[in-house]
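You will see two complexes here that share chain A, one where it goes with chain B and one where it goes with chain C.
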Partner chain A sequence: MAPTNTSFATAVTIAAFPCDITQTDINDGGVNFTVFYRFVAPLSARVIGAWGFSGNIGSGYRPTIFPYTGPAGAPVAVLGIAAQNKPIQFPVNPGIEYFLEFRKNLDNAGPNQVRVRCEVAPLGNPAPGDILVNDDTPGFPMWIGTPTTNNETRNFVKDMAAAEAGDIVPTGRLLLEEASDNSVRLYETVNFTQLFNSGTLTGTLRIKSNADRNLFYVGRYTGGQAFYRTITPAGVMSGEVTLTGEDQIDGLCANPSNLILYMAEFGSAGAIRRWDIPGVTFLSNLAAGIANYQIPDIQVLADGTILALYHNLVSQDVNIKRYSAAGAVLNTYSLGVQTGTTKPRMAWAFDSPTSFWAWTHTNTGTSIFTNIRVSDGTVLTTRNQQEYESGVYNNPETATPVTRFGNSFSCPFMILHIPAPPAIFVNVVGKKTDTNGLIDVKIPDPTFKTALLP
Partner chain B sequence: MRDHAPITIDDFNGLWARGDDDACPLDHFLEATNIQYFDGGFQTRDGIDLFQTANQLGNVLRIHPYKMMNGLTLLVLTVGGNIHHVVSPTITFSNILQKALMTDFNVVSYAGRAYITPFHTDANGIEKGLQNEFLYVYKGDGVTARKAAGNKPTGTVVVANGAAGNMDAGLHLFGVVFESDTGWLSSPAAFNQFTTTLGTTVSFSSVPVSLQSFVVKRHIVATRKIENFNGDLDGYEYFFIPGATINDNVTTVLANVGFFDIDLLEDASHLIDNFAEIPAGVGLCTYHGRLCLTTTFSDISVAYLSEPGEPEAINQVDGLLIVPLDGNPLTNCTEFRDVLYLFKPIRCVGYHDNQDVPATWESFVVDEANGTTVHGIGTVLDSGSVNVDYLIIGNYNGVMLFNGGFNEGELTYKIHDFWHDLDRTLFRALEIINDTITSRLYVILPTGKVLFCDYENGLDHQAVKWAHWTFEVFITTAEIININRIVFGAKVV
Partner chain C sequence: MASTAALSSSQDNIVHYTSVRMRIIGTGQLDMVMFSQDDIYSSTLVPFTMQATTNIRPTRLMNFQHQRAYLKGSTDVIGEFFKINKIVIYAKEVFVEYPNLT
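And now, the complex of A and B:
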């Protein structure tokens, strides 16, 4: 018998999460049917993971999942997500109706089935030291992972800027590029509220905090000219400085006291240049370019030494060199040859300048986050995480996906700093609520019980 | 039910946590959480709000009052070992003292300055001053606190005859004393000998200049005439020469200083054995104008006392008291009824000032079973620790009244079982605030909660009314400001 849930209007309701439903009536008389499910996003949900798996891999009936927002009469595709036989993740709004279409790929003799599994993404409290990866595609949420356990998602944050540039300072302020309008946006990590929007900054953007970790530098290039400006963690944006003599920039970072801006020329064999910030002119190069290597990230440590992330565009070798301010190589930290081709990244560690983090990629959609001690190159932590790119499991279809949630593969990453909430309180006569430092909360359960009560 | 006899409770007398539930009097509560009492009734406790509106501090470990000349402010220790000066809800001077290993501190206000001692809990659970750390002085201006006391002069002052004037003939020794912007006087140093001539003043040159930026004056000191000099430059009694002061830290000459030996009255010899750096301790109080500091890293049973009126002048030889050694550290100190009381966790001894140096003071035992913890002496309003004629002190036995001895019948009698279930190893967190205006006690517990006590019906174990206060945040400390506003500090756990 043919299935009945063959339209938005007749979709089967998923009543509770997680769900695991196997529908066996996909095929009727040699015809496979596209089937539909619906659910109302739970009140706690920010991201839903969904997966329709036929049991076949590489051939045969293998449905493609498409998520939609409702209502049934006017469904709208969610972020263009589609995945054949593979898991997806997509942001949801609590209480809103969603649909999942499992579109057939062919007709065959059958029998066929689709196993529908859905779950709500973890809702853990972000903690200092967590790994943040904001997505590279607008609309997708920022992923937060734990720094200690492989493939462990802490939570997602929706409605964050998404693009290829961003950084964080220890006070918990986060500056991210937004690709939809080429703006940069400042957030407070206590509650991920947006504090500032620069408006459109035409061109390609780079963002990095300075060595003092109290000022964001925003590099920009367009029309054969590179520029930079600064934005304070309070959201005060400076005027733009023209980097006369440079047309494009890649990694950049200012040294302590903001005297020198180190910047890498874009592309293969780019040198590390030094820009005299007060003198408004280029100085001699810190380091010459290395054949085939690009430098996606530079971080200047508090002691004035410079970390430069080198990525070989041919061999995919990744290493980080630590330079003295005079240009001598003090350390070389080798991360080996990454099997993926995605640009590696570097981030400030929670204990910077003691250590730093780097992010490399495999060709099986795994992100490798590595925490490296500056003094001797000891690897303090290696953390693997399955990627979900454009909402789709970034690995071949499988009956046993590594994890049901993950990070985008190409974007900046940051180690989360969360400032402690305000913690000096005063007793207020007659006040009916408490505060927890962030918001007013009810006074915890005033309770009394006399000896008369059982 | 027609003829039932209703039970009327006229007064609610607070929490009862002693013995079986059956033992609870009908007018007491087996549970009393987040309520406060008024007259005979009770209501939900008052809420809390943020104290700071700008530069808000998080992860607070300790708050102490700092009395400046123009008002009461707060010194706040946050996680990471940073002390901040909260002048008002909108003004905070950040990081006026940073010591990464500091997990607690004490402060005493003296002449508008704050004397701060950083301490921590060692691996054995003992609170002691930080190793290789010191007593600090902070002037309240946002400038980072500096070590109290300082280094003495170096070099040699040059002495020569000056113009005609007052002078006795004979060999005199001369030296230089630095004076800081906080009134600290260094040990005399840069000595030189000179045989003065009758009727001829002396002039000084090469008066040492201090590299310490806080030195604002230099004084010339001298001995009286020495008949048989033995060559020991610092073995004689030095006196400040009247008027022989250079009121800056630049000038190196002082000409035509005349004096007679009989004019040499103000002794400077007591400065010779003073600490140049005063080790950090735990307890800190004032007694008869002296600063008292206890429990340094190396001497957990020693209390140092400064010279009266000179909190940075602590004599290493005779400015100390040694409490009988028993392996337990001094935890607290306070002045009460003209007596200096030093506390250990379960012991209390007293000392009377005999008008001689502290090392000569005799101790007397106050209690061999009751002491207190590092913050266990109640703070009264925003003025200090003494109220009417008692102290309120918390210890392993409960919260007790102290009027020279611990009163029998602890205030926590009604909640005896609760108190004794508390983890003794965490009693360092105990802190007591006494708001005498509203007749309330607030006891900060190791659990991050507060024991609330209403004593409007009297401050004795039968009349007080207790309740638990809980919060979404982990309360670590409390203080009173503006006479009787209660300020709580909290940390993230």
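And now, the complex of A and C:
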């Protein structure tokens, strides 16, 4: 007998989360059917994980899941997400109706089934030291992971800028690139509210805080010329400085007191150059380029030594060199050959300059976050996380996915510096905006009354 | 000034409330009103001008004579606030009953 939930209008309702529903009437007389489910996002939900699995891997009936917002008469696809037989994650607004389509890929003799599993993403309280990964695709939420437990998601934050550049300072202010309009946007991590928007900055952007951790440097290149500007954690943007004689810029970081801007030339074998900030000119190079290695990240520590992240574009070897201000190599921290090809990243540790973090990738969609002690290279923490790219499980289909939630694979990552209360993530349906706007309005007279005397 | 700490409401005698003293800091003015039971009578006191720090615990005189009473304090301007750690209301029993007018 054919299934009845073959349209948005006849979708089966998922009444509670988590759900685990096996539909066995997919096939009728050699014809498989596309089936639909609907749910209203729970009030606590920021992100929903959904998965339709047929039990077949690599061949046979394997449905593709598509999420939509309602209503049934006018469904709209969510962020273009689609995944065949694999889990997905997507942002939701509490109280809003959503649909899941499990689209058939073929007709065959059957019998066939689809097992529908849905769950709400964790809603833990972000804590200092947590790992932040904003997405590289606009619309997808920023992932927050715990610092030490593999594949443990703490929470998600929706409506954050998404692109390839960003950094954080110890006060918790976060500056992120937004790909949709090439702007950079400043956020307060206490409540992840946006404080500043630069407007469009045409070109390719890089963002890094300085060694003093109190100023963001925004590198930019376009039309064969590289530039930089600064943005304070209060959202004050400087004028742009032309890096005369340089056409592109990759890793960058200013030294203590903002006297020298270290910057890597873009691409393979790029040197680490030194820009005299007050003198507005290039000095001699700190280090010559190394064949096949790019330098996606530079971090200058409080003592003036320079960490440079090297990534071999051919062998995928990843290592970090620590230079003295004179250019001598003080340490080399080897992370070995990563099996993935995605650009590795480096981030300030919570206890910087005692340690730092690096992020490498495997070819099975796993992010490896490594915390390394500066003084001797000791690996303090190695933390693995399954990736979800464009909302889709970034690994081959399997009956046993590593985890149902994860981070995007290509973006900056940061270590959270201050706690953020959970209430900040709530999207209030039907929220009322204060009609007084920015005008200060007092609350009703603050009053006390004593008890009746005597 | 007599202490009224031992006053008891069990007899519902008529009490003369004479002053209030507070340990208070803040900004702006603290408006104060004394009310009799069920808000039948009230007496508006001269406000305290509050300071962010002070070594003075200000006293405000009043002349309010009823069986039961309470003090209400409030601010009514944007940015004003108060922090009160202690309130002492001085009072003295003066009569056991009202005059018989019949």
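Heads up, the rule we're going with is that the second predicted complex is superposed on the first by the 418 of 454 C-alpha atoms of A that agree within 3 Å, B and C clash if a C-alpha of one lies under 4 Å from a C-alpha of the other, contacts with A are read in each partner's own complex, and residues count from 1 in each chain.
The working rule: a contact is a pair of C-beta atoms (placed from the backbone, for glycine too) under 8 Å apart; a residue touches a chain by one contact, two chains touch by 3 or more.
Every value quoted in this text rests on a predicted model; they were computed, and no experiment measured them.
By the touch criterion defined above, A:S284 reaches neither chain B nor chain C.
In the superposed pair of complexes, A:D445 makes contact with chain B and with chain C alike. Between chain B and chain C, more residues of chain A are touched by B. Of the two partner chains placed by superposition, A:S59 touches none, neither chain B nor chain C. Taken together, the two complexes place residues 441, 445-453 of chain A in contact with chain B and also with chain C.
On the chain A side of its complex with chain C, the touching residues are 440-442, 445-454.
Looking at the complex, you find that chain B touches chain A at residues 7, 9, 12, 16, 21-22, 24-35, 42, 44-52, 56-60, 63, 74, 76, 78-79, 86, 470-473, 481, 485-492. Those residues of chain C lying in contact with chain A across their complex are 4, 7-9, 15, 17, 37, 68-82, 84, 87, 89, 91.
Listed in rising order, the residues of chain A touching chain B in the complex are 419-437, 441, 443-453.
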